[in-house]
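Pasting a structure below so you can have a look.
Chains here go by letter, A, B, C and D, matching the order in which they are written, and residues are numbered from 1 within each.
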Amino acid sequence: MKMETKRVISPGAEEILGKKFEVLDKGFVRLVDCLGNDGAIVQAARVSYGKGTDTKRKDRTLIRYLMRNRHTSPFEMVEMKFHLRVPMDAWRQWIRHRTANVNEYSTRYSIAIDDKQETEPDKWRFQSEDNKQGSEGFLDIETGKYLSQREEELHNLAKQVYNERIEKGVAREQARKDLPLSNYTEAYWKIDLHNLFHFLKLRMDKKAQYEIKQYANVIGNEIVKKVVPVSYEAFEDYVLDVFTLSKLEQIAISKILNGADCEDISNELFENKYERQEFLEKFKRISLSSQF
Amino acid sequence: MKMETKRVISPGAEEILGKKFEVLDKGFVRLVDCLGNDGAIVQAARVSYGKGTDTKRKDRTLIRYLMRNRHTSPFEMVEMKFHLRVPMDAWRQWIRHRTANVNEYSTRYSIAIDDKQETEPDKWRFQSEDNKQGSEGFLDIETGKYLSQREEELHNLAKQVYNERIEKGVAREQARKDLPLSNYTEAYWKIDLHNLFHFLKLRMDKKAQYEIKQYANVIGNEIVKKVVPVSYEAFEDYVLDVFTLSKLEQIAISKILNGADCEDISNELFENKYERQEFLEKFKRISLSSQF
Amino acid sequence: MKMETKRVISPGAEEILGKKFEVLDKGFVRLVDCLGNDGAIVQAARVSYGKGTDTKRKDRTLIRYLMRNRHTSPFEMVEMKFHLRVPMDAWRQWIRHRTANVNEYSTRYSIAIDDKQETEPDKWRFQSEDNKQGSEGFLDIETGKYLSQREEELHNLAKQVYNERIEKGVAREQARKDLPLSNYTEAYWKIDLHNLFHFLKLRMDKKAQYEIKQYANVIGNEIVKKVVPVSYEAFEDYVLDVFTLSKLEQIAISKILNGADCEDISNELFENKYERQEFLEKFKRISLSSQF
Amino acid sequence: MKMETKRVISPGAEEILGKKFEVLDKGFVRLVDCLGNDGAIVQAARVSYGKGTDTKRKDRTLIRYLMRNRHTSPFEMVEMKFHLRVPMDAWRQWIRHRTANVNEYSTRYSIAIDDKQETEPDKWRFQSEDNKQGSEGFLDIETGKYLSQREEELHNLAKQVYNERIEKGVAREQARKDLPLSNYTEAYWKIDLHNLFHFLKLRMDKKAQYEIKQYANVIGNEIVKKVVPVSYEAFEDYVLDVFTLSKLEQIAISKILNGADCEDISNELFENKYERQEFLEKFKRISLSSQF
């Protein structure tokens, strides 16, 4: 149903408002409401810069300038509200982003949502050797089948136990105590665009956990990109695929520009092996970048 | 100009959107944008309460229940954005409310706003005797005339000095260093409804300073009341004109209900004179309340 | 081990620093560090009040004045850091207090803590009839025995499944997905005194869930009371056991003081049954208060 | 006076605790109290990483790893409290850092501090041509003398007017309305180390305004460096003198490494002149870096 408004409109937001984007096996994200658009960011920035602003400077140029120079406050002038369905395990990470407004489904007040995140036999991930908090590659299908079947057993027992407690009159706040972290929860989540970009920066990162990354990718690529296309493009160009160069890394590149060998100079400059590794990765990204 | 939207509408907000409400001699407040309405608060609360909610319970009843019991998170689901023009002195108090988004007019980037808050001869307030941080009553008109004239001298000199600096090429960031606190500034200010109610509670209070109170009254009575009428009514009934009763004050009232004299029991119970005074004021308010 | 310091000391804090206070079956709280004491609150308040302050005014009187009048910023000048072991279910509530610093044990990085909150047969709580999010009374012991045995089955299966996954090389971040909410986690939690009092106000309340209330009681009565005894006393007197009187409730008491019957006047004034009930409870508390 | 404590100690903090570091003509910063030290950061990080941590990994290596990878939460486990005297103009910028605790001297409650920031004749800064919000170079001494004398006139009149108002009984809250922004104020300011580093990153930057930069430099180099020397070194190496490389800038460097000319490739790649300029600056810094 459409209404008339004098508020500013984001045409992209209107297209997707309320649409459910499915994530994982039973989760979703949908944009419930939003305030502002790319123009609202420009408008707020121009309050700061006042009459002195060159009005011919294009909005896009201004937004990109703000993003590049980390002038974050105008991006706080846009707000988005989401409705989420997400496993509690991912929600535990999500809620660590403190500058946001939250209303979560209450399993004290209501019967718990009867959905758990299930794992397909070919989706059990190996512990990463390099990254103590990451995963890489998949277990073989036979082991996967066994693990998925055991997962099902556990989910079934957890469900039975929960239902028994409820039937016998146990308080919901206590009955829920053994729900698995894979149980889905729902929430309304409202956040300003600056803090949302920070969330996306961390959770779209390759080091982020697979599950929350799926949500972040959908929020970024399917929703934010539509609501504030110019800002999102600037975010991609100047924040998402960006890295920093420390003083030592600047020196290393300078030496390489002057003819030093990358391996040699890395060994010479970086006493810490992680730091050396990080530099080599960055240098590889630089070297490969011009091929795209 | 009106546009179509699928977002929720607050009819009251649409009426006043963009309208300048004048405050003090040269200040204003206007609502620039908002997200949500009374219904959005109910919607968020119902996510928390889930399927278990009695859907026949009326929205108004739910909102009043939430307000009465300080269930604050659903009120965070509404957001308002204001454009303000306010003396820097009042802004210094305003900005202490940290949970808000701000873009202030930059006097580093632009020439300072050439407006200062001026005081009419009959508006010079006496220092309060009781309240070390308050005022009460007005100075006589003759003294007031003198003070207003001196104010004008000072404003004129401050303006001359600022203009001289600018003309001679001094950086704006330095030229501004002697602007009086009465100089107007402008800002975009965005805040969620829960934190806005907290602002209003403190700044509509009788102990708030006159200047910021004028802004708070306009924001409360002319804007918020329109945007979320049901919530604002609940705020008035359960937050604004409310006071707390400490354990000792509960005992005092109990004794009075059993026949004790108010003065006697106050002297007996409250060793601290401020606390005694506060109780007597509360008791007076209770006694008078049924006459209205 | 003791060291010398020029920083201010809280003698009460020194007594209990590092001491483990056991909570629930396998949880604990301990104070790891703190900054400031009652005197630091007075010192900060006196910066605000400057030279004009009556230095003879006693510190205790000032702290009580600040608490009574909700001058909250001086209480932010004290900080406490805790080490907690707590079931994830309680932690899910805890973490909603956003103005705090947190480092939680990472089950991405390390093997999950092998402890779950277990329920004794006589500790299964009935769902409250009145309070949709509460509990009251206990199930009979026979049912309790059955539920505790089923709980044990579920905990055992959850443990087996987790261990199998780890043994087969599944990434820790995925292996943890079906840990029950009763699984213990650990965290460092750092918060200022104002926000800690807010936490205690909500979580020591009779409506708070049993589990988190045990933690709040220990933090309040065993730790904060020791670290800042004067402030904690003021908190008890002016915040913890306090209630508000709405405009309508003030009228009701006024009428009763003038001879009206409590039941009659409640029926007349409060159209909403919950509000009427709440008033009757408050009135009962007032009536009983002078007996203690 | 020294006391014994079981809390952790920062030897560097003990040396400077309470010491007044003078800033500008009449301002100062002093460290009033602090919680934690470099070890506290390690300790908090190890809670997150749990038993799985390689205990032989050196503390310094861990702190540097955390800083390099922007694992910010362990740095929130250290807290510092400062006493400041600062011109209101700089304070207006300072207070924009919202995640901090503040008690400011109240000119409602007390007579205003009778000190204003004064400008020496050779310290009047020119408006920068390039940077609309910056300054560069100084005005000639003759003009400077005139401006300093006019400044004095204005300060004198402002002082007279303020004193007249106070003498005639005007409320302090109103009398202060025309104090110049150069008037000093005082505050207690408490902040965690992560947010303090963010403050320093922005305010030690070459684009920060001269006045606040003096405070930031003192806080960074004289205080934080003493309290948490290892963390501060990591901050300098991985945050302070660091810059980001956008995707486009990575491509540019890649092309230069393959023989392209810097000027040519910049013109080709960067359509926006500011972005091109920024790249050229970064490239210059890289080129020069190996000379130091």
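Rule of thumb we're sticking to: a contact is a pair of C-beta atoms (placed from the backbone, for glycine too) under 8 Å apart; a residue touches a chain by one contact, two chains touch by 3 or more.
Note that the coordinates shown come from a computational prediction; the quantities given were computed from them, not determined experimentally.
Enquirer: Would you pick out the chains that touch chain A and also touch chain C?
Expert: Looking at chain C and chain A together, the chains touching each of them are B, D.
Enquirer: Can you check which chain pair, B-C or C-D, has more C-beta pairs in contact?
Expert: C-D
Enquirer: As a test of understanding: of all chains, whose mean C-alpha position lies farthest from that of chain A?
Expert: Max centre-to-centre separation from chain A belongs to B.
Enquirer: Express in whole angstrom the distance between the two chain centres, defined as the mean CA positions of chain B and chain C.
Expert: The answer is 30 Å.
Enquirer: Roughly how far is chain C from chain D, going centre to centre by Cα mean, in whole Å?
Expert: From the centre of chain C to the centre of chain D is 36 Å.
Enquirer: What positions in chain D touch 2 or more of the other chains?
Expert: 49, 52, 102, 106, 109, 132
Enquirer: For chain D, which residues are in contact with chain B within the complex?
Expert: Listed in rising order, the residues of chain D that touch chain B are 87-89, 92, 95-96, 98-99, 102, 106, 108-109, 116-117, 119, 124-128, 132-135, 139, 143, 147, 150-151, 153-155, 157-158, 161, 164-165, 168-174, 176-182, 209-210.
Enquirer: Applying the document's contact rule, which stretches of chain A touch chain B when the two form their complex?
Expert: 1-9, 13-14, 17-18, 33-36, 40, 43-45, 47-53, 73-74, 76-77, 79, 81, 83, 101-106, 109-111, 113, 186-188, 190, 192
Enquirer: In their shared complex, at which residues does chain C touch chain B?
Expert: 49, 52, 61, 64-65, 68, 132, 237-238, 241-248, 250-251, 253-258, 272, 274-275, 278, 285-290
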